[in-house]
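Same chain, two partners: subunit A is paired with subunit B first, then with subunit C.
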Partner chain A sequence: MARSTKLKILWLQSITCNGNTHSFFSHPNFMTLMQKFEVIYHPILDSKYSLDNVINKKLTCDILVLEGAFRETGMQKADREIYEIAKSYAKKAKHVITVGNCSTFGGVFRLYDPESIGGFCFNDETPNEAYKLFKRKLISLPGCPAHPRWIGNLLSMILSQRQILLDNFHRPIEVYGYSAHAGCPRNEYFEWKVDSKNYGHKEGCLFYEYGCQAPYTHANCNKILWNEVSSKTRVGTPCFGCTEPYFPKKDLWHTNTLMGIPATMPMDVPRRAYLTITGIAKSFSIKRLNEPIIKYKK
Partner chain B sequence: MKAETKRSKKKESIIKAALTLFSLNGFHKTTIPDIARRIGMSTGNIYNYFASKDILAQEIIKYTSEVLGTEIRKINQQKTLSTHEKIHKIVEVYFTMATKKPEMIEYFLRVYLSHREVFVGECDKMICVAGFITEIMIFFADGVECGDLRDQDFFSAFGLFMGYLGGMAFLNGEAILPRALEDYIDDIAYNIYNALKT
Partner chain C sequence: MKVKYLIEKIEGEAELEFDFKNGLVDNVNIYFPFYRGIEEILKNRDAMDALVITPRVCGICNHAHLIASVRAIENGLNKAGINIDLTQKAISLREFTLSCEIVQSHFKWFYLVALPQLLNLDRMKCPDNYILKASWASTNIVKALAIFSGQWPHASYAVPGGVSCDPTYEDIIQAESLVDEVIRFVENELIGMNIDEYHKRKEISNIKGDMAIIFGMLDKHNMKAKGKSYDRFAVFGEHPIFQTGQYNKKYSNDIDFAHIDEHPQHNSKAKSVTYKDMCYEVGPLARAIMTKNDFMLNLHDKYKDSVLTRVYARLDETIKLLVHIKSLLANLNVKELSCTLANMPKALEADGVGMVEAARGSLIHQSIIKDGKIQKYNIITPTQWNLSSGTQKEAGIAAQAIKGSVSIEEATFIFRTFDVCSVCTTH
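Let's turn to the complex of A and B:
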């Protein structure tokens, strides 16, 4: 049998909820895409090798995908520390992809024990020891979960040897160069400072009261949409900022304010500039934006 | 001098003359010809700069707001000052202005607050005092962020701070205060800080 020339993917899980795996399964062209690779191991997909093989045999892989948060000791699989296994494969792989917020920054699990649990290469925004070793091959895909197309597009770019430009957290700019605010249909309400009255409403902006972090979150969710149709803010739920190192913040449903002023400004917007524009916008009451979009007959 | 610079200097001289007359004689009793006479300009020429007395009045409040806002901005930008020290400096700026340039504060109290019918449309709500309000908002936000001030609704803090200063300036303008306005700076700064602190 001819030896496979496909790029080999090894997908390892550490402390995880499986969310990124399941997200990836929702990729509209999942089967077509994955046929272009050889999956040597995935914890859920049928794959060539078992976990025991991964741990005990010295396999080779081109792309190492890591899912879940890490701790140096105390998270074992088949009697071996998963952190050590991940590091040994990371040394040999051409690309190391941390998929999801947990494997990138530590995510939800880091809250349980910030002293020992973190991302593979970052603890929140701080690079750790592994970063020094793997920064040249590291690509971060934070999200809770990562969007299926972020994973799919990255694998396609690697396959076609496209140049992948990264930001300071090694996130592909193609995805994370946008703010989650871009493309939100509530932008008109944001411009005129009209608050949403509650969750799930068609009208109003969720930035002022309901904790929406989209104006300072790097992601293209409102550009490419989820399941090809929607996003959190489109259905009236705040963006939780899940692609950022400080995720999850406390009080996800509440905007932190300093005497009425949002504590965090939209990305790169100076507070003085924001307040000047806000003060003027708030002085005008745009009737259309204060009425229901659809007035149902009773 | 470039034409544009010359024009803006002329505008400012009209604003300053009008500010003095409005504050001294009242908004309704002051006419455009009065303002023109004061700066040796023809009445018709004033209208080349301001289309109406109401528009002139709106420009004046923007001007005074910017002047006061610029002073508070300088205080906000001094990152080494404590919140108490900032309050002290803001009170000082306000009372110095009320003493040395009383027309600036008088205009706010006796024209802007008393003739709300003039400050509508493009001057609705707080648009024309945004320069000043923005700096006060930044002062409060910085105070809460560093843990010195208690987080609360902006207007409850704003009313306490600026209502207090405005009230004292008004009493001073009416010659009711037994002492000079600057003699009250320490006590008033202390009171404001204690009322707003965490």
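Let's turn to the complex of A and C:
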């Protein structure tokens, strides 16, 4: 049999919940996509090598996918530090992809011990030692979890050698150049400053009271939708900012305010501009936006 | 002779340390190596933050953690005198989304774990077709889930007093069509007959499709009657198609959180759990036993808590849940309120317990809230019940089931019939 010329993927987990693995497995074309690659190791699929092989043999991979937060010591598999294993594969791989907020910034699990737990190349916003070694090949896909399409399309773009533009945190701009607010069906309520009154309604904006971080979160969730059908804000849950280095902030369901105005402004919007627009918008009361969209007959 | 074995692809890893005597497993110790400290992370955070943080315990049963978490808050509110009455709509939506997650997990267990592991015994590779089936079926059922929860994994749409979504009939129609698709998949692939015909089955041998393949393989490898443990079962979480209670030689519908104890284990980061000082099995088999349907009772009479009954219970539950969630959608009244609690009370003092049936069994969250902040949070996962090494008095459920195995391959398959989840076990 001819040697496979497919790009080799090695998917390695550290301190994780497996959320990215399961998110990606919900990709509608999962199998078609994976068949384009040779999967050296994967956490839930039957793969060519065992974890013991991955840890104790020197295998090679083209694309190293990392899931979960890292610590230099104290996270061992088969008696070896997984951080060291990740670094040794990262040195030889052509691409290093950190999937999820944990492997990118440290995420939820960093909170347990922020002194020693972080992302592979960033601790929150700060680049760490590994960043210097791997910045040339690093692509970050933060999110809790990363959207299946972000992972699938990035792998396909690497395969087809498309141009992949990255931001300061090495996130692909085609995905993270949007705000999670773009495409939210509650946008009209945001424009006219109509608050959500309670949970469980289609109407109202969640930015003012309920902690929604979509206007300053980099992600295209409301453009491409989750599981192809929905998003947090579409079902009345605030965006928790899970693609950002400060995720998860405290008081996730409450908006921090300064003099009654959200303390964090929408992406790149000057506070003065926001206050001016808000003042004008609030001086009008738009009847339609203060009524239910659908009034079912009894 | 002691043999160490790293077991992987179980939502993380575990280490099994076998003690062989005369060629049979005499004892096994189960070590889960890594603790992530979710309960510690929650300390001093706002009570509602648990709804976002606890799903991150587990990538495959995150939604069950959300529901346990919201039930714990609601139970605390009720005990604090703030009456929480959910509308039928909110109850049904939570049940729907939770059931979809269980179905998703069972599909993955069957096609990615159970069948490939048995094929390995014959030195055969898992065909791509099984991965395709697992992916197709789980993707479609979580799509139906996400219509209401916003996304899967890691939604937080269940809030104290109900749910945050406000679906239309059009949303419900879309979910119904996805459930229909998945039922069609079950009929064509999993059971090889239509559901009505399946309901008329008299024997396991009447079942066709992929389910027949697994029963054939269990037969071939002489495993049907293996994997017996203590034949004790517990169901804590309320769900309309499962009966809560416990079985230990006889049935009892009394079950009380107060009799649960957690015990630290040497060398493992996971605590073992007992009810009245005894180990109990939780999960699909426990739910099936407590529900007492004739087919299951006959099977149980013959095989007790063996590999065959455990495998059958998980697959049969998949079908039961799909039938159940169709009726939930058919009866959903969108005119009812989604959420009945206007606001969380300020400076809340509460102590509540939330119990839920997750894919692998009873999941329990306990939250103690002082001045609106989480003072203490405790999570007891289904896999802690099933997969501990045990207590000083007796071996754990899976450890007991593995005793007498003829090989590591057989022992690890029995272990996997409990549907292992490493990340939940330690959390």
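To be clear about the criterion, the second predicted complex is superposed on the first by the 298 of 298 C-alpha atoms of A that agree within 3 Å, B and C clash if a C-alpha of one lies under 4 Å from a C-alpha of the other, contacts with A are read in each partner's own complex, and residues count from 1 in each chain.
Throughout what follows, a residue touches a chain if its C-beta (ideal position, glycine included) is under 8 Å from a C-beta of that chain, and two chains touch if they have at least 3 such contacts.
Since this is a predicted model, take the numbers as computed values, not measurements.
Peer 1: Please determine, from the superposition on subunit A, whether subunit B and subunit C clash or fit.
Peer 2: Aligned through their shared chain, the two binders fit side by side on subunit A.
Peer 1: Regarding the shared-chain residue A:43, is it in contact with subunit B (first), subunit C (second), both, or neither?
Peer 2: second
Peer 1: Contact-wise, after the overlay, does A:280 reach subunit B, subunit C, both or neither (first, second, both, neither)?
Peer 2: first
Peer 1: According to the contact criterion defined above, which of subunit B and subunit C contacts more residues of subunit A?
Peer 2: Ranking subunit B and subunit C by residues of subunit A touched puts C first.
Peer 1: For A:88, using the defined touch cut-off, is the partner it touches subunit B, subunit C, both, or neither? Pick first, second, both or neither.
Peer 2: So A:88 meets neither subunit B nor subunit C here.
Peer 1: For A:199, decide between first (touching subunit B), second (touching subunit C), both and neither.
Peer 2: After superposing on A, A:199 lies in contact with subunit C but is clear of subunit B.
Peer 1: Once the shared chain is lined up, is A:52 touching subunit B (first), subunit C (second), both, or neither of them?
Peer 2: second
Peer 1: Contacts for A:257 in the overlay, against subunit B (first) and subunit C (second): which applies, first, second, both or neither?
Peer 2: Touch status of A:257: first partner only.
Peer 1: Per the contact definition in the header, classify A:60: touching subunit B only (first), subunit C only (second), both, or neither.
Peer 2: Neither subunit B nor subunit C is touched by A:60.
Peer 1: Considering only C-alpha centres, what angle arises at subunit A between the directions to subunit B and subunit C, nearest 10 degrees?
Peer 2: 120
Peer 1: If you stack the two complexes on chain A, which partner ends up touching A:240: first (subunit B), second (subunit C), both, or neither?
Peer 2: A:240: touches subunit C, not subunit B.
Peer 1: Using only CA atoms and the superposition described at the top, report the least gap between subunit B and subunit C in Å.
Peer 2: 15
Peer 1: So which bits of subunit A does subunit B touch that subunit C touches too?
Peer 2: none
Peer 1: If we count contacts the way the header does, which residues on subunit B are in touch with subunit A in the complex?
Peer 2: Against subunit A, the touching part of subunit B is residues 73, 124-127, 130-131, 133-134, 137-138, 140-145, 149, 151-155, 157.
Peer 1: Where on subunit C does subunit A make contact in their complex?
Peer 2: The touching residues are 6, 8-9, 11-13, 33-34, 36-38, 40-41, 45-46, 48-49, 51-53, 56-60, 62, 90, 108, 112, 116, 125-126, 128, 131-132, 134-135, 138-139, 142-143, 145-157, 159, 161-166, 168, 174, 334-335, 337-339, 342-343, 423.
Peer 1: Residues of subunit A touching subunit B in their complex?
Peer 2: So the residues of subunit A touching subunit B come out as 257-261, 263, 271-272, 275-276, 279-280, 282-284.
Peer 1: So in the complex, the part of subunit A that touches subunit C is made up of which residues?
Peer 2: 13, 15-23, 25-28, 30-31, 35, 43-46, 50-52, 75-78, 108-109, 111-113, 144-145, 198-202, 221, 226-237, 240, 242, 248, 250-254, 294, 296, 298
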